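Following this line, the structures themselves.
Both complexes below contain chain A, partnered by chain B and then by chain C.
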Partner chain A sequence: METVTMTLVQQPELYLECYSVTPDLFAGKSLAEIAELPAHEGKILWKLGDFFKFEGKSGATAAETKIVVNGNVKRMKRFGQQMTGGEIVINSDADMYVGGWMRGGKITVKGNADSFLGIAMEGGEILIEGDAQNHVGSAYRGDWRGMSGGLIRVKGKAGNDIGTAMTGGTIIIEGNAFIHVLTHAEGGTVIIKGDVEGRVGGQMVKGDAYIFGNLLYPLPGFKKIGTVEKEVDGTTYTFDQYIGDLGERKTKKKGEIIYGNIYMKI
Partner chain B sequence: MSEIIIKNGYIFDPISGIKGDKADISIKDGKITDKVSSKAEVIDASGRTVMAGGVDIHTHIVGPKVNLGREMRPEDKLFRGSFRGGILKQGKHMEMGFSIPSTWKTGYSYARMGYTYANEAAMPPLMAPHVHEEIRDTPIIDISAMPVFGNNWFCFEYIKNKEIENNAAYVAWLLNATKGFGIKIVNPGGTEAWAWGDNCVTINDPVPFFDITPAEIVKGLIETNEYLGLPHSIHLHGNNLGNPGCYETTLDTLKLAEGYKPKNKFGREQVLHNTHIQFHSYKGDSWGTFESGAREVMDYVNSNKNITVDIGAVTLDETTTMTADGPFEYHLNQLNHIKWANVDVELETGSGIVPYIYDKNIKVCGIQWAIGLEIALFAKDLMRVFLTTDHPNAGPFTRYPRVIKWLMSQKAREATLDTMKYKDKVIAASHIASMDKELGLYEIAMMTRAGPAKALGLSSMYGSLAKGADANIAIYDLDPTNIPSDPELIEAAFQNTAYTLKEGVVVVKDKQIVAEPHKYTIWTKVNMPENAQVMHDVKEKFTKNYTVNLENYAVFDEHVHNPRAIEVEVA
Partner chain C sequence: MPKVIENVGCPYCGCSCDDVRVTVSDDGKKVLEVENVCAIGTEIFKHGSSDHRIRSPRLRQPDGSMKDITYDEAIEWVAQHLYKAKKPLMYGFGSTNCEGQAAAARVMETAGGMLDNCATICHGPSFLAIFDNGYPTCTLGEVKNRADVIVYWGSNPAHAHPRHMSRYSIFPRGFFTGKGQKKRTIIVIDPRYTDTANVADYHLQIKQGHDYELFDAFRMVVIGHGKDLPDEVAGIKKEKILEVAEIMANARFGTTFFGMGLTHSDGRNHNIDIAISLTRDLNKVAKWTIMAMRGHYNIAGPGVVWSWTFGFPYCLDLTKKDHAHMNPGETSSVDMAMRDEVDMFINIGTDAGAHFPIPAVKQLKKHPWVTIDPSINMASEISDLHIPVCICGVDVGGIVYRMDNVPIQFRKVIDNQGLLDDETLLNRIADRLDELNAQGA
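And now, the complex of A and B:
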């Protein structure tokens, strides 16, 4: 795997849309060509080279290309948008839409990520060493297709609307989360190792939520059906199993009704 | 005095009967003429196809339900995979959206496809001001809008009492109040029934509380339309749309036109236009046994000259369905569970919106695609069968070039069939695979401009290259003597014209918007003596039932952008 290191040399005045920073668009290009890739600051069209200097070499394909981002890019959005392979390491905080619509590869953010992390993600892996804000692995505004595959791991805490309209894949929040987890979900798994304020699984048709800490305000649409042992993130724990959302339509598979599940660690 | 001459193009103009002859088209002061001076600007059309500007007889592009669709679907503006829809700036404004494009994109896209006229298919009378505001904001193309009458309380009562003259006076009053073009009917009786949680799925189901049936409503409105002699016939979206087995209801509905003769001075020959007939041509008794009823429906249409239809072809896209057929949208939402909006418009109509994905890997969608094309391929007279996608219900209007490709090339149809997961089941439930017919450019010109213009009663102005018509002209980069063997090139040629002219002004050149000249709102002005009974009824209903005052109801003159009235005299 070849590595391109991009280092911030000029901080943008506003927020910069870094949708071109993907292994797919870097692959097979010279550093000069990479520096020519577009980036938007509001409605103004710039080049990546106006803000970053580039070193190293890109691989022939996305899968063979690693991008390392240095400098404070806290006000830069859309790293790794729609990427299909390869790797991005951001040695900083990043702004919104990290790994949005991602299909493969890996993104690591050494600091915090803002909202819309991995929205509508289809595959690949995202690791956030710090916190994430709202709408982790959700659907785009108005859309009914949330995260459908891959893994998002947030080592810190996250905000609200985690896994909205999710249909597949896994989200792990190692810290606390606020409200609205797996709303409208039709599949997928969300694991929250800390506490959750409430509203888990509202209008959930299918999907699994695992909550290790407290759930302060559970929804009335869920019913406890028993206690189960489950292996979660490599370790086996005992959980109380709740099914729901009982107010939502349900599908059947082989004659059995499929419910959404909330597993509360005992 | 501006003069233009379009030289050496291959002309396809069914109104004048010109079938691809090489000729020049002269334009003077925005009209087609027979000769111009030597100072005329020359446009070289050699090796290219020249047609009149396209006329879309049925599309949903302006008004409250279209705008609610835009509000409801921010994701329609988003890329998915590639930059679908995209954001572009060629004209004065940004273009956005895919299935429910912004007004700007709507006007520009029609112009780039060589279309210069579109007929908005459903205007809720109460919401007419919004419709006219969006007409003003849709650049380049001329637009008319048809108010919906099929669930209107006034019409129900007059038709029930067999007061056709009073109904005609009411229709004339409403066309004037809304600056509307003609009589649109959506699920006659059914949308009103839906206000009570019910529907009318056959033409004989009575409407709750009104003691009237869809059959009586349709016949009453045909009689009203011909009493007035409106430019267009009634424009009907019948009962039981979109359900397996609905072709029988469709045949029952079409038979209602039997015995009626057109009465008008506009050259219109039909008394009933059945819109998006693809949605009305389904056989089978469930989604499992769903199959094409295109042959049965088209056998009837082919042999009855007082009927026209448009196809409503499914384009296999993710789109947004929107119709005044409220109950249908509810049932559609029960099928796909996405999003649903529903509105009741007091005394007049209702509406619903549901996003929908016509997925080529779903058997039913594949069969729907086949039916849309079969309608056109079974047609014997393409001056009576028009190209539409019921935009955006079966697909966005920006896919017309793709539908043209499928109609002109069996190879293209086979290529699409080959991508379907349930290809064999689609073939078994439809006729498409056995149809080797390929339409030519003359037939496409019939379906996309001459036919619709004639059915709208506007062929002296639109859809024609005859002397005196508006100089609305599309020049396509397509050599009729050498049609490309790659069907994709046919689609590309129809997607972006070499030139589009609107009233003698070049608005598209080399696929780019280059001018946005003034445009018209077309409406029908009926001149008839005031009917005291009807005006009394109108005042009474507004006092008793409407939530608005009569004085605030009609569209203000300043709301109507560049009105161009089609005048009708009734003694």
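And now, the complex of A and C:
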């Protein structure tokens, strides 16, 4: 795998949209061609080279290209948007839409990520070493299909709307989360290793939520049916199993009604 | 001789009452009397002919004072600053006509900026829920003529929409509702004992911020899982939930009116989303509709006008020029202000100075700030340029959309006495921007 290192030399005045920073667009290009790729700051169309200096070499394909971003890019959005392969490592905080609509490859953010992390993601892996804000792996506004595949791991805490309208894939939040986990979901798994304020699985048709900490306000639409042992993230734990949302429509498989599940760690 | 004008529209709340009688002076410059209107509406008509109205644009001087300038100078100032700004924001439109909103769309498309309306701090979450889950709604006329069960959830029309209960929901006698209030069941769900709760048959004093749980409980009952309910949900006893759900399920025609209590508490769009889901569930056993209690007389207008112009009702990002983008949280006015993401602010037909959080106002104040508004308000007093305009429904007419998205033609009742209306002002700014863009190219 070849590596392109991009280092920030000029902070934007407002926020910069770095939708061109993906292994797909870097692959097969010279450093001069990469520096010519577009980036928007409001209505002004810049080139990536106006803000970053580039070193190294890109691979022939996305899968063979790794991008390392150096410098404080807290005011830059859309890293890795729609990428299909390769790797991005961001050595600072990043702004919104990290890995949005991502289909493959891996993104690592060494700091925090803002909202809309991995929205409508279809595949690949995102690792956030700090915190994430709202709408992790959720659907874009008006879309009923959220994250459908891949893995998002947030080592810190997250806000609200985690896995809204999710249909597949896994989200792991190692810290606490606020409200609305797996709302409207029709599949997928969300693991919260910390506490959650409430509203887990509201309007959920199908899906699995694992809560390791305290769930302050459980929804009335979930009913306890028993205790199970499950392997989660490599370790086996004992959980109380709740099914629901009893207020939402349900599908049937082989005559059996399929419910959404909340597993509360004992 | 004073002239009486009938069937005038009132420029105050989302009821957009269109049965007002206004008596104006002989010369057409003074409002003498206003009938069929609430106390707040009366004041707006009276203010229209007040001697205290500002009649020329005012530009802030280096010493902090405001100096009167001409409309031509003001238009040049705004066009030049819009041309220079990387990401200008125009926000407001609660109180202007659709013609002005269409002209604003032209300005911001030409300038390449952000365009947002007051829904962003009121019923924006309702739009998001409607995108996600549909909008089984009706008109206020249908409510008046058919509804026998009315739910006010997180809204207080007794104070916010003074004639709503008497014109449309609780008291009027309609075609199938000849007994008026006597044959209607009123359910108010609110953490406070409001004046609306005072006239209700049922007041569910819900625990603040737990509406989502109560909706979930009602949905469980409607779908047949009533027995699985916990003893208490959101501070409401199980028996009470079952009793009210029974009334809802047996309605001949029910309507849920929801307000800021749902859109301004945690979960926001999800509270509306589940309310819509409940409405859908109830339609399997009864006839139910749902309606947002829109705040201003034409705040539904920008949603309609910009939806057919750009495809989105609010929080529009027009910076890319060839396509519009919308994602509240990123492109919403308060979020952009808090993140210091815009470099010019135009406040039109509203008062961001009073309504936005103080840190957001402080960030916006770092950049050029223009207020386009007939009145002196907090935004006009901190702005760099204040441009007074006509009051829609008083000294300019136009199309407005009522809270149920019914368009109504508002009328002009007094002479504008040299004031420009929003549409003319904004189109002149757009014309000047076109010239600047052509020179720049």
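Rule of thumb we're sticking to: the second predicted complex is superposed on the first by the 266 of 266 C-alpha atoms of A that agree within 3 Å, B and C clash if a C-alpha of one lies under 4 Å from a C-alpha of the other, contacts with A are read in each partner's own complex, and residues count from 1 in each chain.
The definition used in the following text is that contacts are C-beta pairs under 8 Å (C-beta built on N, C-alpha and C of every residue); 3 or more make two chains touch, one makes a residue touch a chain.
Here the structure is a predicted model, which means the values were calculated and not measured.
Colleague: Would you sort A:Asp233 into first (chain B), second (chain C), both or neither based on which partner it touches?
Modeller: In the superposition, A:Asp233 contacts neither chain B nor chain C.
Colleague: Once the two complexes are aligned on chain A, which partner has more residues of chain A within touching range, chain B or chain C?
Modeller: Counting residues of chain A touched by each partner, the higher count goes to C.
Colleague: By the touch definition at the top of the document, which applies to A:Glu129: first (chain B), second (chain C), both, or neither?
Modeller: Neither partner.
Colleague: According to the stated criteria, A:Arg199 is in contact with first (chain B), second (chain C), both, or neither; which is it?
Modeller: second
Colleague: Quick one: classify A:Leu219 as touching chain B (first), chain C (second), both or neither.
Modeller: second
Colleague: Which of the two partners, first being chain B and second being chain C, lies in contact with A:Arg141: first, second, both, or neither?
Modeller: The answer is both, since A:Arg141 touches chain B and chain C.
Colleague: Counting only touches as set out at the top, which of chain B and chain C does A:Gly247 meet: first, second, both, neither?
Modeller: second
Colleague: Where on chain A do the contacts from chain B and from chain C line up?
Modeller: Residues 140-142, 144, which sit in both footprints.
Colleague: Which part of chain B faces chain A closely enough to touch in the complex?
Modeller: The contact residues of chain B facing chain A are 72-76, 78-80, 337-339, 355.
Colleague: With touch defined as at the start, can you tell me which chain A residues reach chain B in the complex?
Modeller: 101, 139-144, 249
Colleague: Of all residues in chain C, which touch chain A in the complex?
Modeller: Its residues touching chain A are 85-87, 111-113, 128, 131-132, 210, 212-213, 216-220, 222-223, 225, 228-230, 233, 266-267, 270, 273-274, 277, 281, 319-321, 326-330, 339-343.
Colleague: Which stretch or stretches of chain A touch chain C in the complex?
Modeller: Touching chain C from chain A are residues 13-15, 40-44, 77, 96, 115-116, 134-135, 140-142, 144, 160, 165, 179-180, 183-184, 198-199, 202-203, 217, 219-221, 223, 245-248.
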